[in-house]
Structures are given as structure tokens and as C-alpha cells.
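Look for chain A in each of the two complexes below; its partner is chain B in the first and chain C in the second.
Now for the complex of A and B:
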């Protein structure tokens, strides 16, 4: 089964990654084929599990201020900064692979 | 021309009033140096994990109970994916599948024809309340073609309240939001100050002919006050009607309200339908809430949110407070609305009543007509009033004991407003405003007036 062009464009838009060369498309198709094996399992009457944590207790934290105040450290990760702001491009930019 | 039925629904985001954020321990504060209230998790650095703040859960449960919702004892967290500079993770943690509260209602009141004396009660259904993260703030620098990002707000807890499309105009939307604001402020779950972005409202608007299916709806954003909400909704309804009547169509788009021009315009960045690729948040187990019956015996109470415990401690909601004011003091329902609408006014009124012999039904006139209009003229809050409840009570006592006339009382009040530290009695003496009580003296004055106006008296006697 081939992946349609509109689907590819949509996926690129969602992932902001350009993978439309033939190798990229081929890998995508093989990945879908691999995942499609799930359809071979009969899941009638089985509640979907969405996390292995579902039986764990969700830990609740006290409402205390324990973090923050590390502007300098955080800005070390910024390629560009203006005063203490992170700088980003004006819109959403497609990443070239 | 067939009539149009406008349909208005609202999505309201209320910032939770808490010390720290929804999933991290950084501080929640309105104004602070950029990126100073940001933890590694808020900046989405690899290896960090969300840890849920109990206070935020309690705030959402309180709000759900106050809005007559069913609280879901098991609710789930999901990821909503989209790219934006102020969303460093590339997704927002929200509750899309099973939110914390569902199926509630909010009652609000409207004046018919702008007459306070005719109030009607309406109800809007609450579809759900969900917990979610706020995003950071983007400052667009068009001259340098860049965006500056401040993550102080990223990760702050929000309650999204979804109101069903049960409203039909700007006035209803505004009244519903105003009542929600009062409820949130009474609960303390959110300070709900729109000017500080603690309460944000998006309106969904469509129009259709009676009996026909609902029309295409548009989403209106960038509404910064309750007044603008009414304007934006009414403008959009009109725009859609005019568009359809001239043969056009309505696009399912997002529009921004331009407060200067008083109109809605299409928004740049939101093109086409977004695919948010919702998925369960893999790092958070389901949120389990308990009530008195289901409370586990051996659990650490710090880890338990008990719905019944919270319910027992809910304060009186605005509607209850109003009813109590009407019952206790014999004032009119519309008076109770005005009292609650101004921060501190109900308390002021009750303090005056406690300190004066004048009946509450008479006191209310002085509060709502005289005091309130003075405050409004000078844009003062009740807290900033130069006339305290004690001073006003003293003044009203003089009036009640018939030591001064009501005209004189108004003169005294005008003096008191100057805030020069004078007392009502002091001003009365200073300006010689005392009412004469001596019968004989009064007769002598009247006789003198009649004697000096002989001609007029003759005219009057002759009819």
C-alpha cells in the first residue's frame, strides 16, 4: 500500500520535518506495515490500556515553590537571546532533514 | 426575511490561583523578570517529568462542585500537539478524553430592556471543566522579524470551562462570564482578573434560521474584557447575518477581535483545521479522587483529594449571598446584584446597617445612589472610599433622629467626600444645618414669611 501525497504533506506539516525523498517515503511505508501487524490480534471486548502506569498511584505534590530562578542556566541553551528572552523565528519553520 | 437565531458558546480559561505551577514547583506570579519563574520541566529539558500539584486538583473540584458538575472520580491526562514558540515541549498536557468535571450548569441574571427592575434568570449548561497547562508568552518583534519568548507563564495551571452554545447574544455571554468570575473569586480557585490574563474567553458564534440545522461557526479570540466580549459577539453575529443575507458563506475559521475598530478579523496563523494528534500522557497515571464512602483506610491523607470534604467547605456562592441579603434586609433582588457586583460594597452596606438605626431598606438607597455614584464618578473602589461605613452610619443616624433634613444630609455627604477628617456632626454645626425643633420658633418664622408676602397670600386664598 502506498502512502498518498496529501497524507505525506499533512505529516510533514505536523512533524515539521522534510522527509519526502524516496528513502524517507519508503521508511514510512515499512514503518506502517510493521505497525499494521497489530491488527492480527483479536481485541474484541478488551479495554484499551493507554499506560503501563494505569494501576499506579498518581503522586500529588504540595503547592510549594521549590524551583525556578535559574534564568542564566536556561539561557545557556539558547542559540540567540535578547536581554533575558529566548529568540525564535517569527513563524513556524519547516526543518530540513 | 426569515429571522436569524444566533448561537453562542464559550470556552473560558481561568488561571488557577496557586503558589506553584500545575506540574512543577516554579512560582506563579504575574509580573517578574523574563524566564525567572521557569523550571527545567517548564523549559521542556530532556529527562524532566510532570508532578501534579494537589492545590490545582482541589481548585478544579471546588469549581466543578460550584457549577453543579459531576466530578469524575477517575480522570485522565492527554497530550495535545502543536508547534508554537511559547510551547517548548511541542504539546500541552490537558484532559481531552475524561476531564475532571462534566455536565454542570451556571445560572445568571439579565436586566430586560436595561431596566434593573426587571431581571430574568437564565441557565447555561457547562459541558466540562478540564485541567491543563498554560503556555508561555510570545512577543512578536516584526521589525527584526523575530519572536521573543518568556516562559514564566508556561505550565501555570488552567481550568478550561466549556459552556454549551445556550446563549444567544453578547449580553448573555457577558452576564454568564461575569457570574462565573464572581463564583471563581468567591471560591478563591482563580482571581479571574481579565486584565491580567487570569480569565480568557473565546466565543464560538454561528447563526441559523429557526428549524434549520446550526450554521457554520467561527471562533473569536483576543477578547480582553467583559465589555469587549459583548461587543465582539454582537459584531460577529451581525457580520455573519450580513454575509449570509448577501449570498456569502461563513468559513469555519478563527477570528480575532480588534477592540479599536470594534470588529473581528481573520487570524493569520490559524489556517485550516488543526490536527492535534491527541494521545494519552504516558508519564501520568489516572487521577483518582475519593469521597467519604470510597476513602481508603490506610492512605496518606496528603495524597487524597476528598470530594465530600471539599463540598462541605464550599463558601456561600454569589446567588446564595444575594438571596440572604434580600431575606435579611428586605432589599430588592436587583439591589443585591449591585451590592455583589462591586468588590466590598455588600460588606460596606452591612457595616452601615449594623451601626445605624435607619432601616436597611432606606440605607440601601444611600449606598446605591449616593455612595456608589460618588465612587463611580471618581473611579474609586469601595476600599478607597474617603467616607467610611462608620461616617456614613453617623450621618444616617442624624437623619433618622430628624436632627437634619435629607437635603442637609446630602450636603454633609458632599463635605465628607472631601476626606478632610471632619465628622458629620461637625459639619452640621459648622454649616448650621440643624433642623429646628422648637414649635414656637417655627410658628414665628412662618408668620413672618406670611406677613411679608401679603399679596401672594391674598392670591393663594382667592385660589
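Now for the complex of A and C:
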């Protein structure tokens, strides 16, 4: 089954990445077809695995500030900034095709 | 050229860190046509070498690594040095910090020569899909390869016949293979360290997930990524591992167990070892040459007294499909941070935030990356989440359990091929698209990432075409010492030949010019 046009558009919106051309769409089609092989596997009663370290306790540290004060450093890599703000174009307007 | 020898030479003053550094920098220049390095940090490296020299004069080297030139894959953050991930998205991005593994190398006194080339954002198995062009396998220029080429061709033919390094850590593998550094860092998510190691005839170690910090490694798949180690011998890999492993508070996925660096014993008796040969790794497309080598290796262990048994990892054939879904899903999430606002490329489009983001990402990412983001988002859609993403997570558990069962049955290590064949010529490689290639090439390496297990490529022999072929050992979680000990024994038995690089200085200019146009075509 081919992916419906609304789904394609929805994906482009979610990903903020475009398919660009029919090749991009075909690539997705092939990816789905490939992934469908997963359904050959019987996974009844099998729990999904999030992490290979699931049997261990995650390291948690104290909620203390130990570093920071590097605003200047971090802003260096941004193209548009004003004082200590990253500047973006107006946000409310949705993606214009 | 073993590091131990070099370290001894440095300690005894027979060579100075500065001389060593200069030699490597000069070699990098004369092997520029390999395109292994994206950035060479010459000034910084010489400064580090100078400081190392002062320490040696005082008799106070920081470690065995002090003064040793190393290279780092360009998806690790390096303070003050450009980190590009071979993508337009990060061209010009100067990291404000060092990845933990980079910091550790520097703290131990290593000299960072530069950042190595890769597939864009580490997506690929050829090191051919980055914006700085493909990496060339140094073995393309070896006497061993040229001698086997039919018909005997001239230097101009090398242009058409050079072979790939494999990927995605191809630059790091090529750098180590061509002697421009003594060790290099790569990353391994589906085989990206072991695959190029096999094709370039070097040792490639994928450590257990959770052993080495990922802080500062630009993430691809958070649940599978690990920093990888590339060296010319197993002992060197153990030394680098020893300097990098251990809990990092900045990476909560590193285990908290105390890690003790180790020296590898010289194993003489393998009779207590049980080596498993997973039958599913006799995968479709495996060259008869490699099959034969694998069999010979099994016999080697058998004849030395080890127990060698066939085992089964029944879900092996699904690991690539499973990886495909989990990888694209995590990629979709990880690539969301690239929006042009805080760092990296930013489009001039400024009609709205979203259109700026979209244009930035269109301009910054190549087709492979964009394709994976879109696929990943598809699998994560509400209507698909259970059927694809969660399903893949379940299959992942089955794959991981296969290994648990085999190791529980008394097997110490698994012996498998690393790649399906020796390195293919670039011209042939690019005929198939990236995903097809990755699918084919990752089949022998990917499952170890699924299960989080340590694995190592050991260069084994030359193929009929005169190119390196490696074999892989997969070990139990966090049992790197056993894995490396056996790998070292094996390395000693097979006596893999040293690459005989032809004198290429005279080709420099012509090749470089030609390569430039080939890179941007």
C-alpha cells in the first residue's frame, strides 16, 4: 500500500524535512516495505527493550549546579543573537510552502 | 611501529614528542589524497607535543600515551576545533567543549593531530557520503594490492581502481592504517568501527555499551552508540581502552562499576576456551574466501586445544530490519536539535520560525540523513508506534536474548567474519544506494550493538586481491579483558602483513587536483 499524500505532508511537517522529489517518497516506501519484515517475528509475551542496561540502576546525582556561566561561549556559535537571546523569525506563522 | 616501542623510545629520549608529531603531520600532508582528515590541528598538536616533551625531560610523563599522536573522528566535540560530522549542517561549528573521551586522551598527554572523515553524521558503511568527499583506503596504494591487479596497471589507473575504507569511521581507520597516527577514535552504532577496521587492516574495538562515555559524541542512536578504538595492534587497543573506560557523571548511561585498566597477558594455553561459531553468520553474500578464512581460524583454535562448537543465534537475520527501525526512530529524534538557532548552519529564510527550520534542514542535511529522519518519523507516528517501533524493541530483546542463551551455555567468545567481502572499488560501491549498502554490510556487525556486547575486528589475512580481511570476536558484556586477551593470541598466530605503501609523493599534486573535482561532482 502506498503512503497517502496527507501522511507524507504530515511527515514533512513533523520532521521539518522535505521529501524533495519522488525519489524521496520512494525511499520511504522502500523503508516501510523493508521494515514490514519485522511482522514475521513472533513477539508474543516479549517485553520491549529500551536499553541493554535495563537491569542496572541509572546514575542520579545531586540536583546541584556544578557548571555553567558560559553564556558567551555558547552564543558564539549562534548566527542571530541579541544580548543573551537567540533570535528566531516570528514563530506563530506556520510553515509556508 | 608498535606504540609500546614508541612509548619506550619517548621515555628513553630516542625520539622526542615534537619529532614524532612533525613526522605524523608531514605524513598527513603527503597522504592528503586519502582524504582521511577533515581538519588538521597542526599548531595545537605541536604545542601539545612541546608540553609533552617538557614532561619527558622532567622524567614525568603522564602515561604511556604521553606524546602519542592520535586522531579523532569528526563526530566527537573538540574544544576550539571545528566539528563537522562531515555535514553542511555543522560546517564552521567550533565546539565549546571536549567530549569526555577527547578530554581523557588529552589529560593522559596524547597529541591530537586532527579530526577524521566519515559518512555524514556517521550514517553509512563506506565513508563515501560526507560533504568533504570519500575516504580512500590506503591499501589501494599498497604494493600488495597493485601486484594482484590484473592487468598490471599504472598509477593513473589507481584513480579508477581505488577501494573504499568501509565506514562510517573510514577516516580514522585510514589514518591508523597509513601510519599518520598511532590510535584513532571512531564510533560504532552498527559496525562503524569494525567494518572500516576490517577493510583497512587495523584493529577495531567496539566496547561494551556503558563502558565508555558518550558525552560529547554527537549521537546517532543513543541506545547503541559507543566510542570505538582503532589501533594497529591489540595491545595498543587495550592501552587506549584503559585510558578511556569508566563511569562519567556526564553520561548517565555509563555504568558505575569500578573499572581497572589491564595489561594483556600473553596467552599460551587456549585449551580452557570455548569458542562459538554462530551458523547464521554464514550470511548470504559471504565471499568464499572469507568463509574459508573463518573456517581456518576455527581450526586454529581447535588445533590449539580450544573447544570450538557451532552455536545458533536464530534472530540474526532480523537484526538489520530491527536496526533499521530503531535507528531511524532515534535519528529522527536526535536530528531534531539541528534547527539553525543555537549553532550550525542557519538558512537565510526568515519568513517564520518553522520555515527557517525547514530551510536550514533542507540545506544542511544530505539525502541519507533526510531519508532516515523521514522514515524514523513515520515509524513513530501514533498509528505506527506499536507496530513498528515497539515491535522492533521486542525483536531487539529476542536478539539480545539469543546471545545471553549462547553465553550461558558455556561459550566464552564468538568467532565470526566482520565483513562479507574485502573492500570494493569506489566506482562499484556507489552504484548501490546508501541504505542498501548499509543493509548488506552491517549484517555481521550490527547484532553486537543490539545486545550492547563488546566486539573486536582483528586483521587476519590478505584476500586474493591483496586487500585486508578481518575476523570478529564477540565477547560477554564487560569482559573486554578476556576478549582482548584471546584477540591478542589470535593476532600473534595469524601474523597479518604490514602494508607496503608505495612512494606516492610524486603523485601528490596531480592526484590531489583530480580528487578535488571528484569530491564535488
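Observations
The definition used in the following text is that the second predicted complex is superposed on the first by the 90 of 97 C-alpha atoms of A that agree within 3 Å, B and C clash if a C-alpha of one lies under 4 Å from a C-alpha of the other, contacts with A are read in each partner's own complex, and residues count from 1 in each chain.
Keep this in mind: a contact is a pair of C-beta atoms (placed from the backbone, for glycine too) under 8 Å apart; a residue touches a chain by one contact, two chains touch by 3 or more.
Remember, predicted model here, so these are calculated numbers, not experimental data.
In the superposed model, A:69 makes contact with chain B only, not with chain C. Using the contact criterion defined above for the overlaid structures, shared-chain residue A:79 touches chain C, although it does not reach chain B. When the two structures are aligned on the shared chain, A:59 is found in touch with chain B and with chain C. When the two complexes are overlaid on their common chain A, residue A:35 makes contact with chain C while staying clear of chain B. When the two complexes are overlaid on their common chain A, residue A:47 makes contact with chain C while staying clear of chain B. Comparing which residues of chain A touch chain B with which touch chain C, the overlap comprises 10, 14, 16, 50-51, 53, 56, 58-61, 70, 74, 77, 86, 88-92. Listing the residues of chain C that touch chain A in their complex gives 93-94, 96, 209-210, 223, 247, 249, 252-256, 315, 318, 321-322, 324-325, 328, 332, 339-344, 346, 349-358, 361-362, 365, 367, 370-371, 373-375, 377-379, 381, 387-388, 390-398, 400, 435, 439, 451-452, 477. Remark: chain B residues 18-20, 24-27, 33-41, 43, 45, 51-57, 76, 81, 83-85, 138-140, 142, 145-151, 269, 275, 277, 280-288, 302-303, 305 touch chain A in the complex.
Here chain A touches chain C in the complex through residues 3, 7, 10-12, 14-20, 24, 27-28, 30-32, 34-35, 37-41, 43, 46-53, 56, 58-61, 70, 73-74, 76-80, 86, 88-96, going by the rule given at the top. Here chain A touches chain B in the complex through residues 10, 14, 16, 50-51, 53-71, 74-75, 77, 82-92, going by the rule given at the top.
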